[in-house]
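In the two complexes below, chain A is the common chain; its partner is chain B in one and chain C in the other.
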Partner chain A sequence: MKIAVCIKHAVDESELKMDPGGSPMITGAAGKMGTFDKNAVEEAVRLKSSGGGDVTIFTVGPADARKSMKEGLAMGGDRGVLVTADPVRIDSLSVAGLLAKAVQRDGSFDLIICSEGSSDVYTGQVPPMLAELLGFAYFGYAKKLEVSGSRIRVERSLEESVEVVEAPLPAVVSVVSEINEPRYPTLIQIMQAAKKPLEEVPPSALGVETAPKVVVRSMSGQGSNRKKVMLDGTPEEAAAKLVDALRAEGVIPR
Partner chain B sequence: MTLTVWAYSESGQVASEVAAAAQSLAGTGKGDAVEVMVGAMSDAGPRLPNALVLRGMSASENTPESTAEAICRATSKGMPSVILVGSTRNGREVAARVAARLGTGCISDASKLTLEGESLIGERSAFAGKVTAKVVAPIPCVATVKVGTYPAAGKTTANSVSEMDVGGFSPKVKVLKTIRKDARSVNLNSAKIIVSAGRGVKKKEDLAIVESLAKSLGGAVGCSRPLSSDLGWLPEEHHIGLTGVTVKPELYLAVGISGQLQHIAGMKDSKVVAAINTDKDAPIFQAADYGIVGDLYQVIPAIEEIVRRRS
Partner chain C sequence: MPLFLEEHRQLLSFNYPGRGDLVEALESVAGFLEDKVMPMATKFDQHAAKIEETRKELLRQGVCQMPFPKELEGLGLPFGAYALAIELTGAADAGIALSIAIHNTAAEGILQFGSEGQKRKYVPDIVAGRKVASFALTEPTSGSDAKAMGTKAARDGEGFVLNGSKAFITNAGEADVYFVFAATPKGPSSFIVEGSNPGLSFGEDLPKLGMRGSRTSEVRFSDCRVPAESLVGEEGMGFEYAKKMLNGSRIVMGSLCVGIAQAAFEKSIEYARSRKAFGSAISEFQLIREKVADMKTGITAGRLLCLHAARVRESGADFGSEAAQAKVFSTEMSLRVCDSAIQVFGGYGYTTDDVHRHWRDARLLTIGEGTSEVLRMLIARRELARSL
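For the complex of A and B:
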């Protein structure tokens, strides 16, 4: 089975600094593989080891994204394709468009695995857009997936239910974090990953011109101005102080 | 061109919120808000005076794939200015598919929507909630409305319902089975008090302590993502934050929740926040008005005892 995994080199929110005006300094911010994208890579590698095949990692990102891709290769990916465009400057539909072209250029994939949302912007749009552009079946929020022959069966985790759904391959899925526990690559795997093929493709080579429709106009940090009053004492004393404080605030009945 | 805003959600509660968002948007632009209902759903509405009921084979399937198909087909008879969809898990798929098909922009998880000239502006959380971004898309466009950010519109009597047959469609994805999650129907959107549990709760059975306190305060139970998603102890709609619902109760009491950015993003607009955590350095205390460094297994029963005694 030919499996593609789409991972994002996401802005590392814990490293993100604010400028004096309270806006985030996105340019030059440190990046990391999207948290849930690790679950996507893990699932692909598990499918490969149970059913055979190969795993290609696709990323639309800046040159720095090689770092995340290497991590994916160390986890068990076989090769990587980096489309060199900065997702900060384009929108979801442009990213999906680039991924669709890159996937098509690379041959006929049976399964494309994404995650439910990238850890920096979490729009959840890229995977269904990709499926739509490729004309593949789509399953969002997969907590379990099973491939048998040319069909795939997925358990989708929705707000109030779990839905068991099926479709013929090829398909795009987005996985949720509970689907698996991503592995930590060993040192040897990390060293081997450095030798795996990692190709860079400019958008122009895919014949795609990105003209984003959705643009970010402004960003501001979310400050917290809470009272931060700590209530001490034994559990009973602290509890009594809290109840008094909440009654004084008028948020619980007297 | 008159402004037309379509509102759609497959979930009744969320549909009411999306209707409210559409109404406020249409109101500012002096246009029409239209509730789009697909097939069997139409029995539940409408929440807006203008409704458009889509019927046909695709409409009756009610999967995101067929709903997106139905909505796209409906646009061929007149493109609305804005299509709003509730940002449930299925709703996000519907919106993204429609935007991809129509080649329009899609603003996701918007909390405040406004119009400016020929553009739609939405506010959304980014970078794990560290940042609020103002995002702009040219009209026509699609947007998903973050659950819990608009007050629900009530039911209304429709004065204009039009029906459209969108024709047949054979979806790729077949639904074999739907298993309902352990349903304890909650509406965190309207709860005045929320007691919210995190991984500090050691076992599923221990949730009873949290539930009992919530009950004696007349509140509802919420949770952090790991409890609903990774552990499956509570249904997904209890989970608060970036990937869950947004809440703004009078009182948000976080117990055994560390207070990661992604969680704070969903409760930061609460009137009063209190937190109980064994770790004095837990970030939740920076986002709380009142904090107790302590064991939830001791502090919660103590609070409940006082509340019961004094009432």
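For the complex of A and C:
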């Protein structure tokens, strides 16, 4: 089975700094592989080890995204394709367009795995757009994947229910973090990943128009004020007051 | 608390230009330590969790493979990069760092002095973490004066019979392989003893001041029979081997202490910035700033001394004095830094495990692997023996 994984070299939110106006300083911020993208790579590598095949990792990102690509290769990807464009400057549709062309250029994939959303902006738009552009079936929010023959069975984690669906391949699937626990590549795997093929493709080679249709005008942090309510009394009294307070706030049903 | 810092990146690029792979390797080790080891550190310290599983995972990551040759399942990476990896491990949890460092000292002894058969049989399993190893030199009545060892190995047909005991042995009772020193009529000699040997027994896990994640106990040999092929190298050469093994180990112990100091330092500056007194953060006060400056300077100096000793070792030159300097300075620096950390935290420093454990952990290492006194003796001896 030929599996593609689309990842994002996301902004490392733990190192993100805010400017004095409360906007995150995206330009020049440190990047890392999106947290949920590791679940996508892990799932692909597991499918490969149980059913055979190969795993190609795709991304649209700046030169620095090589770091995330190498991590994906160390986790078990066989080769990588980095489309060299900065996702900050283009929109989700352009990213999906570039990924679709890159995937098509590389041959016929049976399965494309993405994560539910990037760990920085988390729009979750690219996977369904990619499916539409490729004309593949799309399943979002998968918490379990099974491939048998040319069919895929997906358990979708919806807010209050689980939906089980089946379809013929090819398909695009976005996975949620509960699907697996991503592995840590060992040092040997990291050293070996340096020798795996990692191709860089300029957007011009794919013939995709990347002028954004959606432009982000501003992005700002949202402050939140805590209510800081102190409850006193014996543990029993305090617990009763807490239950009343949570009911009054609508946190638990009345 | 991020473990891999800009100064690590700089040191790697200055010392190993063009080796971006070393940065990637250490970043990956740091990520693993932050996620899997650091959150366990206070639990290990309070005996609320055992280190075995975490140590197994850490060994599987490949930290101990770093300095060993590829043909023995090592990664063939420079010793300096390995020392930095142990520094990061020490910052995450000193007890587990001690356990894996001693484990690797045993593998180093087999690599340097063992036969081809011994190397193939033990080194890959130890460095890849399939077996845990231990190093047994110190005895109840002989520490620095290792030549006075009372553990004896008598010839018995084709093999040897060991009798005696070893004290304060890290990984004792948990290890699969022991690198043991015992005296034959020709003098101190070294042997590989398998953990399953029925002649081996172990004392209780000693209640220690620090490094509580690692197990430390007595190792007893009663009519412990080993085959002739467990003798490592030449009979009577054990003391020379021990000295050489300890030289490398001392660099690593220095690095471990740099890591301990770094962890205590990071906590101190975070606290100093948030704690208010007399209307401002205590980090605004000059006497706190003096501590911050001295702590940081000491850490950087220790890190550089350890890396310098590692670089001399990599060059193939004698590095005994450099290793001793790195260890004396870094272990004593670490104690000062951890003491300052307690002072910065005030009452909270004295009463919070997660602050004072760093001082308790560091306290071992002006004693273990060569006391500060013996190491100063070694450093001075080389300088005074130089021809004018």
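Odds and ends about this structure:
Here is the rule we go by: the second predicted complex is superposed on the first by the 222 of 254 C-alpha atoms of A that agree within 3 Å, B and C clash if a C-alpha of one lies under 4 Å from a C-alpha of the other, contacts with A are read in each partner's own complex, and residues count from 1 in each chain.
What we mean here is this: a contact is a pair of C-beta atoms (placed from the backbone, for glycine too) under 8 Å apart; a residue touches a chain by one contact, two chains touch by 3 or more.
On a predicted model such as this, the values are computed, not experimentally measured, just so you know.
By the document's definition of touching, of the two partners only chain B reaches A:246; chain C does not. In the superposition on chain A, A:92 contacts chain B only, with no contact to chain C. Residue contacts after overlaying the shared chain place A:227 against chain B, while chain C stays out of touching range. In the superposition on chain A, contact of A:218 is made with chain B only, not with chain C. In the superposed model, A:103 makes contact with neither chain B nor chain C. By the touch criterion defined above, A:47 reaches neither chain B nor chain C. The wider contact with chain A, measured as residues touched, comes from B rather than the other of chain B and chain C. The residues of chain A shared by its contacts with chain B and with chain C come to none at all. By the touch rule above, chain C contacts chain A in their complex via residues 2, 21, 24-25, 28-29, 31-32, 35-36, 60-63, 65-66, 75. Residues of chain B touching chain A in their complex: 11, 64-65, 68, 88-90, 92-93, 95-97, 99-101, 103-109, 121, 125-138, 141, 172-181, 183, 192-193, 217-218, 229-230, 232, 235-237, 242-243, 250-251, 261, 264-265, 268, 271-274, 285-295, 298-299, 302-303, 305-307, 310-311.
Of all residues in chain A, only 11, 13, 16, 24, 91-93, 96, 116-117, 119-129, 131-133, 136-141, 153, 156-168, 176-178, 212-222, 224, 226-232, 235-236, 238-240, 242-243, 245-246, 249-254 touch chain B in the complex they form. Touching chain C in their complex are the following residues of chain A: 14-15, 67, 70-71, 74, 184-188, 190-191, 194.
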